[in-house]
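Once you've had a glance at the structure underneath, I'll fire off some questions.
The first chain written gets the first letter, and so on, giving A, B, C, D, E and F; residue counts start at 1 in each chain.
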Amino acid sequence: MRPSGRNFNELRKVSIETGFSHHAEGSALIRMGGTEVLCTASVEGKVPGFMRGQGEGWITAEYGMLPRATHTRGDREAARGKQSGRTQEIQRLIGRALRAVVDRKAMGEITVTLDCDVLNADGGTRCAAITGAYVALALAFRKLRSNNVIKAIPFTGQVAAVSCGIFQGNPVLDLDYTEDSAADADANFILTQGGGIVEIQATAEKSTFDDASFQALLSLARQGTAELFAAQKAALG
Amino acid sequence: MRPSGRNFNELRKVSIETGFSHHAEGSALIRMGGTEVLCTASVEGKVPGFMRGQGEGWITAEYGMLPRATHTRGDREAARGKQSGRTQEIQRLIGRALRAVVDRKAMGEITVTLDCDVLNADGGTRCAAITGAYVALALAFRKLRSNNVIKAIPFTGQVAAVSCGIFQGNPVLDLDYTEDSAADADANFILTQGGGIVEIQATAEKSTFDDASFQALLSLARQGTAELFAAQKAALG
Amino acid sequence: MRPSGRNFNELRKVSIETGFSHHAEGSALIRMGGTEVLCTASVEGKVPGFMRGQGEGWITAEYGMLPRATHTRGDREAARGKQSGRTQEIQRLIGRALRAVVDRKAMGEITVTLDCDVLNADGGTRCAAITGAYVALALAFRKLRSNNVIKAIPFTGQVAAVSCGIFQGNPVLDLDYTEDSAADADANFILTQGGGIVEIQATAEKSTFDDASFQALLSLARQGTAELFAAQKAALG
Amino acid sequence: MRPSGRNFNELRKVSIETGFSHHAEGSALIRMGGTEVLCTASVEGKVPGFMRGQGEGWITAEYGMLPRATHTRGDREAARGKQSGRTQEIQRLIGRALRAVVDRKAMGEITVTLDCDVLNADGGTRCAAITGAYVALALAFRKLRSNNVIKAIPFTGQVAAVSCGIFQGNPVLDLDYTEDSAADADANFILTQGGGIVEIQATAEKSTFDDASFQALLSLARQGTAELFAAQKAALG
Amino acid sequence: MRPSGRNFNELRKVSIETGFSHHAEGSALIRMGGTEVLCTASVEGKVPGFMRGQGEGWITAEYGMLPRATHTRGDREAARGKQSGRTQEIQRLIGRALRAVVDRKAMGEITVTLDCDVLNADGGTRCAAITGAYVALALAFRKLRSNNVIKAIPFTGQVAAVSCGIFQGNPVLDLDYTEDSAADADANFILTQGGGIVEIQATAEKSTFDDASFQALLSLARQGTAELFAAQKAALG
Amino acid sequence: MRPSGRNFNELRKVSIETGFSHHAEGSALIRMGGTEVLCTASVEGKVPGFMRGQGEGWITAEYGMLPRATHTRGDREAARGKQSGRTQEIQRLIGRALRAVVDRKAMGEITVTLDCDVLNADGGTRCAAITGAYVALALAFRKLRSNNVIKAIPFTGQVAAVSCGIFQGNPVLDLDYTEDSAADADANFILTQGGGIVEIQATAEKSTFDDASFQALLSLARQGTAELFAAQKAALG
């Protein structure tokens, strides 16, 4: 029995609200149960120095958490003067995930920055951020196309992410905070609609796990992302 | 004629939504027109080192702006590794404003941190932050009282803030971004319900101004804060 | 009765010594009682990147305090690796104050940096810094004119600053440290000779105050700055 | 055909030299082809603040690369004033990997810090670091046991790591730099001798990959780590 | 012929003014020609953590230069966020120099911090700082003795410093900025009155030099410090 | 009697191994007894901004110590976020030492960075770094000449460094850690083969010393560097 009463292969309630941010070229406020992440896509008409003159675009991400998104208040990273290792790891992951489904040559030399800020946290924030960032990026691409900056939407695939884990010995889909903090193992799967793997991060927490368990988690992730792809499509109209 | 069509002494539409943050002891999402600030109050059962053993509580504030709260994306302060002078100035101001209406001896040795994060910006964010932080703090005090941590709500007054400015030669209430960036002068007034002044910051932008103009701005601020006091009360039920 | 025996509307002894710094284009060592601030003006033949090509000059300020300018030694900000919020607030204020009385188009694309370093502190250092910086800037302008870099002195007004406060219930002029640390409220007024307001920062410390008290402080500030304008003129010969 | 002429399931030449560091409680200089990492284990008789009083030990890792370990010189992180996101990600990974095979209750309240410094880099430095750190840690545990600080060696398993990737369409074992920079996908596997998974990080580089390819990489990793477990045992005598 | 017209073994005009700082336990404003350094001694009734419980005192130094102490304005180290290598080197040198002539056991567990801030620079600032810091420290010791914190002045010697160099082929005493920037070699000598060497730092600038030249510089330094010892005594009355 | 049993004028066993670094243009792993420093020379085809267009090359150095090069583990400077004053002092010294024996006009506008990383420490690391860096630089110069980047090896002299000290009242050559931490005084001598002085840093530790003692140390250093010049030549073949 899961603490939330959910079935082992049941996602939390998902909603994706577009337009929450007034100024961004694209924005999506994604809610997965109690986890809420505001994803914005900001377009800039140039690329970073190390990429100039190559005729390719760039997609990058930054991640943050409001100090009181969590049960007890965390330090504000801006006040402490540096981003934690965890924050940097997550924002690098988000950037890689989105770049994996974009034809950057088709973008031209522009940069899209995806800011993913956690307003409320209940586990799975990095996966929610990736799933929401895809929507924000899609909206920004549409705006660029309608402004004739790009000719076609340069996506090469649709990407979403979900966490799975082994909780009290059983593989379960979409861990919330209560499950996550007590899991034997957890894994984040970033997958594409056609069955591709973009990134897998699987970690033993309480104990190591075997290949069969891993396989079960991957299957759950395929089920979960199928629902997330549908939610993304619905949000994009 | 103001760009928004508002009367010279007309506030923008104000709303204060409580409970937006799931975990904070108190929270208020304040909207003044297109400006949206999430204010949370977090309680910790001790005071900073420099205050220990004095039997008094402490109230402090931190301020941030999501990178894409603004028309063009701003740097993320956590990524840049330091808070700007402007950010520090604002968070010090918010802290002073709330401390001015609290009997800290009556709090006992606890700390309340007020986090004010701008989700969308359209001018007047520091004033909105103060007005919203009062509500978040009030909710936290109620929770502390119902938990018997404090005996009575330790407020000594009710505080709210509003900006006024001289726009195209005329004193106006509650500048939005368009007015703010073109104003001759602007001023932030932090006032209490009984007619007290907590803080005034008046600054010439395009040209200096005289004592009579200053007096007109103060009058407008008294009108504006009267409405804000009512909105705070309504939000607190 | 004031601790120093001064009358309620009496400034401390003011002196402004020019030329203390051997190398600066302009310098003024201002003494207001026990407060001593060395102000230097340094000219550079270009403007910061964000201002290039607009045909305007730039004036900026930095503020520091020697570690043992105060009763007990403070941390050296260079050793601690960052400037405090207070320091940044003050140096931003000094910069705004001086820019308010300069026609920056008439300067051409040069930068003047005003360094205000407190050698001895006894309250009112930011106000002394502004009053002294005006003199340092005036000397630098004279040098630029005599070198034919500018055709005319680009001041549009004369600026000085003074603090006032409510001490033991009474409005008084030019708080020293003893008064400042016990004041009910204090305010810094940055005013021009013709009656203009450049900036007002009024803050309740022990208790809020009403509009009439504020008016009394402003009147005192007008008296005080009248004397400071005279002292600036005397120093400039 | 691999650039190095190796078979698809062939490791580079592995050697592990103990005692390179004169002072450390345990040290191992691991070489995997042209990659050379010096791993040292340093023991301290207490745990970090957040763990005190729980009767458990702590194992943590730090990672660095000499500036000229690489083809072109990289910035020295100490001079730049911060560790890159990549460095932090790697050192967090090393720490997790070793903690996964240690019974920390059996350690008592001591800390072991594993420093992994890359002297020469040719791909796979994080995996080499983990494999070498296991040996350094084992030596430190032996020393602690012979000094009667611990009663028994607190390992719960043996851990090693290896990278695999899809190079020119084929799964291959133990990527060197040339392969790594041209791979379609790469994955780091941290595995235990009994068939357990400690951590998997699989990333699409040039294109996404499917579940069968992933399975092939995992098989290669099982073969590779079998050889590494033998090399560790040989080094430990 | 020296640019200043001085004889090869002639110091610049030296003056040492005590009491410039209002609050410090001891202070000395030393002038050597155009070089002016304000040295203050601040006493704190405890020692740093690494020295506690050993019954010894601690003497440390910090060094700074006002941004416009020099011909062209230098960056403010507090604004840049770190002290330069040069600054750290100098302040470590000053601390060692003074510790070399103090019996720290006789001090008891107190700390004296010597702040040496350059108000105007014309070469030789580190040597002037050491010579002035001795006077500031002596005054602080006197105050501690008259307050019965210490029984006797804990100096074991008298220390002063002077630079010498090879300018246009000739050994000269007390380089000013013009000479310093063109010298073939320069050396800083920190010497005690009884003929002791505390520290020597000799550096080839334009060309290496031989043992005889070094000997000539040391002789000049003995002459120069003899005069500085007298100036220190005069300042101390 | 010295703790190591060495004669008062006896160096520790010296060896210099070239080619330890796979990628650097020149590298030398120097061992002086238990002190081991890896020195690499990295060439870049441009000079820093402040030197551009002058037709001269630049030589700079960076210094680091692996955290467990020492008896007890030291903080990793990259993790702490800044280099210590000691590190900066040493790397500035290494850079000056090598620049003193190079004709930088003959280099053309290229930069050589000498990285000196201490793998094992037993006293005298900065001297070993200088002696080893000379060899690394010589190898890089040879490579540049064979690539026709420079016409001739631009050395103007051969440089090496050694520490001497007064240990239990006697002058001794090449202090190891045990001697260094108990010495009355120590000095680092950077000398050239023809009898030139590049830099001397002599410091009283336990007590001041006189001119005769200093002379004895300089004599020992001449003997020691004579052996080091021979070792450098042998390593360079």
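The rule is short, and it goes like this: a residue touches a chain if its C-beta (ideal position, glycine included) is under 8 Å from a C-beta of that chain, and two chains touch if they have at least 3 such contacts.
Everything quoted here is computed from the prediction, not taken from an experiment.
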Chains contacting each of chain B and chain D, listed by label: A
Chains touching both chain A and chain C: B
Minimum number of chain-to-chain touching steps separating chain A from chain F: 2
Reference chain C; chain at largest CA-centroid distance: D
Chain C-chain D separation of Cα centroids, rounded to whole Å: 59
For chain D paired with chain F, centre-to-centre distance based on mean C-alpha positions, whole Å: 33
Gap in Å, rounded to a whole number, between the CA centres of chain C and chain B: 28
Set of chain A residues in contact with two or more other chains: 81-82
Round-the-ring chain order [start: chain D; next: chain F]: D, F, E, C, B, A
Residue ranges of chain C touching chain B (in the complex, touch as defined): 82, 85-86, 88-89, 91-92, 96, 100, 157, 185, 187, 192, 195-204, 207-211, 214, 218
Contact set on chain B toward chain A in their complex: 20-24, 27, 34, 38, 40, 42, 44, 62, 64, 66-73, 76-79, 81-83, 87, 113, 115, 117, 119-120, 122
